[in-house]
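Letters are used for the chains, namely A, B, C and D, taken in the order the chains are written, and counting of residues starts over at 1 for each.
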Amino acid sequence: MIDKKVTNCATAVRAVNDGAAVMIGGFGTAGSPDELIDALIEHGARDLTIISNNAGNGDAGIAALIREGRVRKIVCSFPRQPDSHHFDAAWRAGAIELELVPQGNLAARIQAAGAGLGAIFTPTGFGTLLAEGKETRRIDGRDYVLEYPIHADVALIKAYRGDRWGNLVYRKTARNFGPIMAMAAKHAIAQVSEVVELGALDPECVVTPGIFVQAVVPVTSTQRQGLAA
Amino acid sequence: MIDKKVTNCATAVRAVNDGAAVMIGGFGTAGSPDELIDALIEHGARDLTIISNNAGNGDAGIAALIREGRVRKIVCSFPRQPDSHHFDAAWRAGAIELELVPQGNLAARIQAAGAGLGAIFTPTGFGTLLAEGKETRRIDGRDYVLEYPIHADVALIKAYRGDRWGNLVYRKTARNFGPIMAMAAKHAIAQVSEVVELGALDPECVVTPGIFVQAVVPVTSTQRQGLAA
Amino acid sequence: MNDLPRLTRQQLAARVAQDIPEGAYVNLGIGLPTLIANYLPPEKDVILQSENGLIGMGPAPAPGEEDWELINAGKQAVTLRTGGAFFHHADSFAMMRGGHIDICVLGAFQVSVTGDLANWHTGEPDAIPAVGGAMDLAIGAKRTFVMMDLLTRSGESKLVEHCTYPLTGIGCVSRLYSDLAVIDLSPAGARVVELAPGVTIDDLRRVTGVTLGEG
Amino acid sequence: MNDLPRLTRQQLAARVAQDIPEGAYVNLGIGLPTLIANYLPPEKDVILQSENGLIGMGPAPAPGEEDWELINAGKQAVTLRTGGAFFHHADSFAMMRGGHIDICVLGAFQVSVTGDLANWHTGEPDAIPAVGGAMDLAIGAKRTFVMMDLLTRSGESKLVEHCTYPLTGIGCVSRLYSDLAVIDLSPAGARVVELAPGVTIDDLRRVTGVTLGEG
């Protein structure tokens, strides 16, 4: 019997090795897998490359990972936030490498990884600092930049409901990067508010089919939700 | 008030001009917009480029379009079927141009068009007849072929339910190419079994958001469904 | 020279809203452009997209009714209108980059007369860079508008011959809505479409110092 | 020389099924490989994908209960198992091409000792070409197996040093299951893993004429 349910976050994040590339879902207060990140900090893996939209804010989540010195490099679109002080300090100290990627390129490169593409010509960033040194090409009268897929060893995402096959549905704008990160990582771990019986999710409405998910962890507490802004 | 509902197929297909590139959804018996194709034949547009998985079978649908001499070129993955006699005859007579595309490349190129990419390096077809003359590149130890997006002027697709904003849900494997064709065409026309009230479709389960759809046509008859095989 | 009669931010938002037609799919950038939503009359059906994964965005919820899993790109709590839908980030940016959004309205540090946009980076060497969706929004929509004050607080023109700040996109802005004028931008240069009440074309030429066509 | 003891198609299907582990995501190609599904014991949870947009494919429905909007890639009516899901063609081929499918089993016209596959085109000049998903399936899965009779009806080996038919993919097949033997294929060449009862390695070498390693 296929059963991808893992009883707790601590067990699930053992899949993260030192030096791993780890995707972390979430945009703002929506979809951040806070409990998985807490467990990852506890787990102690270091020298990580983090792929996420932001570089953390406040003192929890990705910010705490950075504070603890676990992050060698971050690939993200928007590291600067009013309370991103842990990233800011690490960056100014030269203690963290930053690959800044326009958000649409970030999404497209993650999707390209999941879909097995070798590279994509994308319209975003042409003629800007973020395309410096990159191959460009004019196609049908429009200019494009060649960008490469972003793969990961592990993805940590937050979904709403999941089943033992790993099928997932999300809630509102908490969907954001979850579905494409699950596809781009070798090992996708989803924390869910509820594990439901197989068959309880409508097959027409499953957003992430279980083939893309390796572990489903029930996390009922949502202690930080609604606090961050 | 936004109301994309069009009362009948004949009115909807007036959007197809002579010389247009037309995507047609469907895979086997599932998802073929038969009534829209009938209306297109009646409409009379000619010199069409058809983008679809197959090149028609039997005497209806795309096969009938070909029989009537309306199709200049077809872009598809699998034109040869036991009863694809209209395509077969046209092809042997040199009366139709064929661009044969592996099914995954077809899907990826249609998706790339909808997403605004300039080109993609895809793994499929490398070293085969279907990549002859195409640019290739080795990336991270794997070989890829450069493929370009496939755009269309109009898409004809079949969905299950739709609303006046153009939001769509599909039914089972009739989903197939519908969502990506809607995104890749300038003007997407969806025939639906039922037009429902705005708000009747769960926003978590909408497969094609209305932004990708320009016309929704209720078609309750499904006369050919279950006959073709 | 900087005491010209200016549109207020509210007047400017109302002015942009006038030009958004019924049925348009629109992305309003973070900051000033979000004001435009207040001036889209309910009877004019305009659909707002937010690039973090929703379309059919409605107004802010009543205080205390926020759902922090229903937010916009500015990370503010919002609502979903009847008929709206959710989707993931790749589909969302496909909407944008694939040219499905009719109008995107952005703020700017600088805009050039040919429509180059600079709105993501001040260029200061110690600034922490952050781009978010700015570059995707700039080049993706069918039409990209900029909404900004024409001059900085110290009186420098933000409409320039060539941007000196790092670019967000090249030739992507088709129209500039400012507190002093509405100006079309194209490869042929800037052309004034409309002047704020009490402002003359000579005023504009004087304060901007750029070449401005008329009519 | 062609009257060697051969596995029946049913025996061959059962043999392939043995090597499909619990929990595997599997795509069974049109034709011969579809027989494998009959030999996956219900207690071994194997999930079948069909590239036209479903995962968790179940057996054929009872006659008269077909739903022609629920079909497989061979356009046969199928069912959906509890826990299955539907998706569009781009997501479906992302599953395949992105390496998410563990095992794909395909039929073949020819396979080379280094794993080149020819299964889409006989190369006859007047043949109407049709490729479908063959090329995507060939190169996408973590492991691609071929299931076929080792010899044509006229006794020619379908395992060859170099394919003479147009290729479907290069070096993509890792294992060949045939009626006479199970043979691993790799850049180092072919290596016989298992012989059908009553077949010797010398028999195989004689009928195929290719270099075959052992053990």
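We take it that a contact is a pair of C-beta atoms (placed from the backbone, for glycine too) under 8 Å apart; a residue touches a chain by one contact, two chains touch by 3 or more.
Please read these numbers as outputs of a predicted model, since none were measured by experiment.
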Where subunit B and subunit D overlap in contact partners, by chain label: A
B-C against A-C, pair bridged by the larger set of C-beta contacts: A-C
Subunit C-subunit D separation of Cα centroids, rounded to whole Å: 55
Approximate Å spacing (C-alpha centroids) for the pair subunit A, subunit D: 35
Approximate Å spacing (C-alpha centroids) for the pair subunit A, subunit C: 29
For subunit A, residues that touch 2 or more chains besides their own: 108, 111, 115-117, 122-123, 170-172, 204, 207
Interface hub residues of subunit D, defined as touching at least two other chains: 80, 86-87, 90, 93, 96-97, 140
Contact graph of the chains (line, ring, star, complete, other): other
Chain-to-chain touches, reported pairwise for every pair that qualifies: A-B, A-C, A-D, B-C, B-D
Subunit C residues within the subunit A interface of the complex: 50-54, 66-71, 75, 80, 86-90, 92-93, 96-97, 121, 126-136, 139-140, 166-170
In the complex, subunit D residues that touch subunit A: 22-23, 25, 45, 47, 49, 55-56, 80, 82-87, 90, 93-101, 140
Residue numbers on subunit A that touch subunit C, as the complex places them: 27-31, 77-81, 84, 87-88, 91-92, 98, 100-108, 110-111, 122-130, 143, 170-180, 207, 225-226, 228-229
List of subunit B residues in touch with subunit A within their complex: 108, 112, 115-123, 137, 139-140, 142, 144, 148, 169-172, 202, 204-205, 207
Touching residues on subunit A, where the partner in the complex is subunit D: 1-2, 111, 113-117, 163-165, 167, 183, 198-199, 201, 203-204, 206, 209-212
